[in-house]
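Take a look at the structure set out below.
Note that the chains are named A, B and C in the order they appear, and that numbering of residues resets to 1 at the start of each chain.
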Amino acid sequence: MDFYSYLIIASISSGTPLLFAVLGGILSERSGVIFLGTEGTMLIGAVVSCLTFAGTGSMLLSVLASLAAAGGIGLAHAFLCVTLRANQIVSGLALTLFGTGLSAYLGKPVAGAALAVTVPRLSMPWLEKIPFAGAIFSNLDVFIWISFGLVAVLYLYIYKTSWGLHLRAIGDSPATSDAMGLRVGLTRYLHVIGGAMLMGLAGCYLIMVYSPNWMEGMTSGRGWIAIALIILAAWNPLYALGGAYLFGGLDALGFRLQLMEIGIPSYFLKMLPYLVTIVVLMIVGWRGRHVPSPEPKSLGSAYVREQRS
Amino acid sequence: MTPGEAEVLFETLRDLKKSGKTMVITTHKLKEVMAVADAITIMRRGKTVVECSPESTSAARLAELMVGRERKESLPLQHRQALQPLQQLQPLQPHQRPQPRKPGDIVLSVDGMTVANEHGGRSLDGVSLQVREGEIVGIAGVAGNGQLELAEALTGLKEWAGGQMLYLGKRMERSSVRERIREGIAHVPENRMKSGLAGSLGIVDNLLLKSYDRTERSRFGLLRKKNNLNWAQELVARFDVRAPDLESPVGQLSGGNQQKLLLAREISQRPKLMVAVHPTQGLDVGAAEAVHAMLKKLRSDSAGVLLISEDLDEVMSLSDRIFVMYNGMIVGEADGAKPDREQIGRMMAGLNQSEEEAVV
Amino acid sequence: MKRESAAEVIGKADRRKLVRLQLPFELHYDHLKKGGAWWMPLAWVLAALAICGIFIWLNGMNPLTVYAKMAQGAFGSSFGISETLVKSIPLLLCGLGVAAAYRISIWNIGAEGQLVAGAIAATAVTIYMPSLPGGLYIPVMAAAGIAAGAAWGLLTALPRAWFGVNELITSLMLNYVALLLLDYFVFGPWRDPAGFNFPGTPMLLPEQQLMTFQGTRLHYGLLFALIAAVAFAFFLGKTRWGYEMKVLGANPSATKYGGISINRHILIVMIISGGLAGLAGMSEVSGVAHRLMYGLSPGYGYTAIIVAWLAKLNPWAMIPASLFVGGLIVGGYSVQTIGLPSSMSMMLQGAILITLIGGEMLGKYRFVRR
């Protein structure tokens, strides 16, 4: 395989945690709740799956444990934002802080120790016959295939089912949906928790596959990039795929450029994903300035039944 | 809705009734109630006041019950008289109209106003009108035909794609909102809590919104607290704004008092042009009368008033001249003193006087 | 999702009525009420301490002894108090800055990056202007710090004002960029050649360091912070600008209608935010570390968010709030000796913020006699 195939595989691998996180964020924001705790939730997902694997050796249990832990954070956020009507932005920030601190605390015993984990791969050597693309897909791990499936499932769910229609209605106008009999609160709870679980899965993937070595703050801002990607993807799971791999690619490219020693200090190469995020958001903002935004219109506001206006 | 459309709705409701459905309608439009209802319930302050049927009562009686006997006493004398002969809900008799004055100089002259909308079309297409000192110009029309955009374009909240605006002789279509406020253009927006007032702030802060940078309210960048407090108290008394105190959030005031507060703020600027959009929306009869009184006072103080309202009765009872808007254009004019309701209704529906087909 | 029919909703309401107690008063939710009494934040802090106490207990330690040790470390000795004050200086400065932005719902979480930018600029003065007359160093460094921080803040404000880019994300991204920039300088061109590979610049000269109070580590940056707090309170309460901020925070639609420019305020607020954080960065370099080094800020920019929220964005309340959180950090260091990681204080901070915002809603209920 050549440089570019390796690069694409590396992009997919690097982009998969982003993809899970973005899909989770889309679920939550589609119901109208903005969840900024992505970074903290990913870290909790990572540390919990790491600890569970170190203790039990079972991949399945590790994944389930990280889903449960992340779901717990989602539950907290949903409770704060939906029931207690707290400021959604500050709630997410607080959960990130809390999650970051908690994960550092829990991860102390396993910090720096390499995790001896092998992730099952879906090996299809017959695919290698297909030029170029075949080599890429012939040996990807199961998580990546799950992520592909998830994109399809979520796309169909949001745009092609009546549940998805209800979800979009609640996200755009909870007052109207409530008057129609839809359960606004329950929907928001379910989608915030579900979204958080996906973010936990992202963290789980990060440590199980990408970098099997727990370190404090190992997500390095991926959670925040994922939040930006939700906007870039226009809250659409299909575009999320493209966005996640684009940024995964930047990450992988930066890494390779460092190895190739082309004279740019590594620090500036590492800045690439962050700067590109800003620039791309600016372009999207400029292009979309005369068009109504695809953002769910009730995003960020608490729904108070007595205050319908 | 146009009068014609309203009649179609009532027919539909009567049909639904024949097929066995039960309907509950909430409204404060007495005409609708008398036209359609079999049973009427009047509510005040969350309690039922009376239940009756249309045969046993009249619109006048309903109005009394809605307002409540005690309130009637607090209205100024000439308005109490206006309430009584409400039997047929016709426009006010000539001797009760605001005395027609000889309108003065042109305050506002708009020529060919064009405003683009979000989807590439035009929400206003070549609108031209004039408002003089001492007159109330009414804009009638079904909601959504460009009235809001008209108000926003005049007050600087929307960009003009074409046309010109002369205010007191000055070209103002490109002026900022601030400049227009300074020159004396007042605006009562259609949604007072969304655009006009800050619900969580108190009365003083809300009154300051348009004048806080004038020297009477602030000097060298510092607000003159004591001064402003007195000024606010004066305004509250003059405009009869009922509130527990000056600091309580205005979101807690009743709709009528909020609107009176808003008008107090606008009128205290001594404007030469007042753009009032749906000024009595959501107000009870007493508050609506008070608002109408304020607009008439502006007129008699030689300001020009542009009254934009969905409520045709309101437009017909207050205006000296009436323009009808349809589809972003002015499609007709009517005399305020002798308005022809049917003709106006047809214009609102886009039916031209000379043609039978609807204007597309 | 199954929809409830009208009959089911009414039935549920009826059943609930049967169960409810007939108390002599009711709780009414008033969305306009300005949050609860002043002591409510204290109550929420106690709740947060309790929650974290559970975690501590689950780890086999007595939460009360842990908290006592933290309090002892932070306030129990003159060394402790001066350390707490040292920590509270950047917290107060950054807290004031982010509070200014939050008052108009501009979610600036870039205080960390703005602080670092100010630190880098202040250090640059010492490196590239070696022959300034001694007394001028501090003012020039302070000016450089403020300017750099303000510029970093503008980098967040301009995309927001011109392109509508969410400032939360931009400011966050810029934090990472600033930290990488810091790494570049301290590992690279500015590294102290005689420093045994320590990632930092050479020590600053005495005239480049902020003076300290007699015998302690507490430096005159404290004055910067206190003056900033007073100035902030004054401008907010008494000036036209403060009035515009009030209206902008209460109802942004009304400001457009009143002719107040939102974009202008976004720029002003981010310049203030960034400038204050930059000043904090300068004072950390000049007054505390006496050099630019890796790990200059243990997350002051993020912690400042909690300080601001704890103080309900009020400048006067921010003084005790920054002292309290400063004490938390110092206390966190002091419990490392009994085996708890310093990230303990980050957990506590997060927990406090959570209980604070969760509790805000409870403050909007009022008792009404039946």
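Keep this in mind: contacts are C-beta pairs under 8 Å (C-beta built on N, C-alpha and C of every residue); 3 or more make two chains touch, one makes a residue touch a chain.
Here the structure is a predicted model, which is why all the values come from computation and not from measurement.
K.L.:
Find the most central chain, measuring centrality by the gap between its CA centroid and the centroid of all protein CA atoms shown.
P.N.:
Checking distances from each chain centre to the full centroid gives C.
K.L.:
Once you count every C-beta pair in contact for both, which comes out on top, B-C or A-C?
P.N.:
A-C
K.L.:
With chain centres defined as C-alpha means, what is the inter-centre distance between chain A and chain B in Å?
P.N.:
It comes to 50 Å between the two C-alpha centres.
K.L.:
Just give me the whole-number Å value for how far the CA centre of chain B lies from that of chain C.
P.N.:
47
K.L.:
On a C-alpha centroid basis, what's the spacing between chain A and chain C, in Å?
P.N.:
Distance between chain centres, rounded to whole Å: 27 Å.
K.L.:
Mind listing the chain A positions that touch chain C in their complex?
P.N.:
Listed in rising order, the residues of chain A that touch chain C are 36, 40, 76, 79-80, 84-87, 89-91, 93-102, 104-105, 108, 163, 166, 180-183, 186-187, 216, 220-221, 224-225, 227-228, 231, 265, 267-268, 270-271, 274-275, 277-278, 281-282, 285-286, 289, 304, 306-307.
K.L.:
Looking at the complex, which residues from chain C come into contact with chain B?
P.N.:
32, 34, 238-244, 246-247, 250-251, 253-254, 256-259
K.L.:
Quick check on the complex: what are the chain B residues that touch chain C?
P.N.:
155-157, 176-178, 180-181, 187, 189, 194-201, 205, 208-210, 212-213, 218, 221-223, 225, 249, 251-252
K.L.:
If we count contacts the way the header does, which residues on chain C are in touch with chain A in the complex?
P.N.:
1, 3-5, 29, 31, 55, 107, 109, 159, 162-166, 168-170, 172-174, 176-177, 180-181, 183-184, 187-188, 302, 305-306, 309, 341, 343-351, 353-354, 356-358, 360-362
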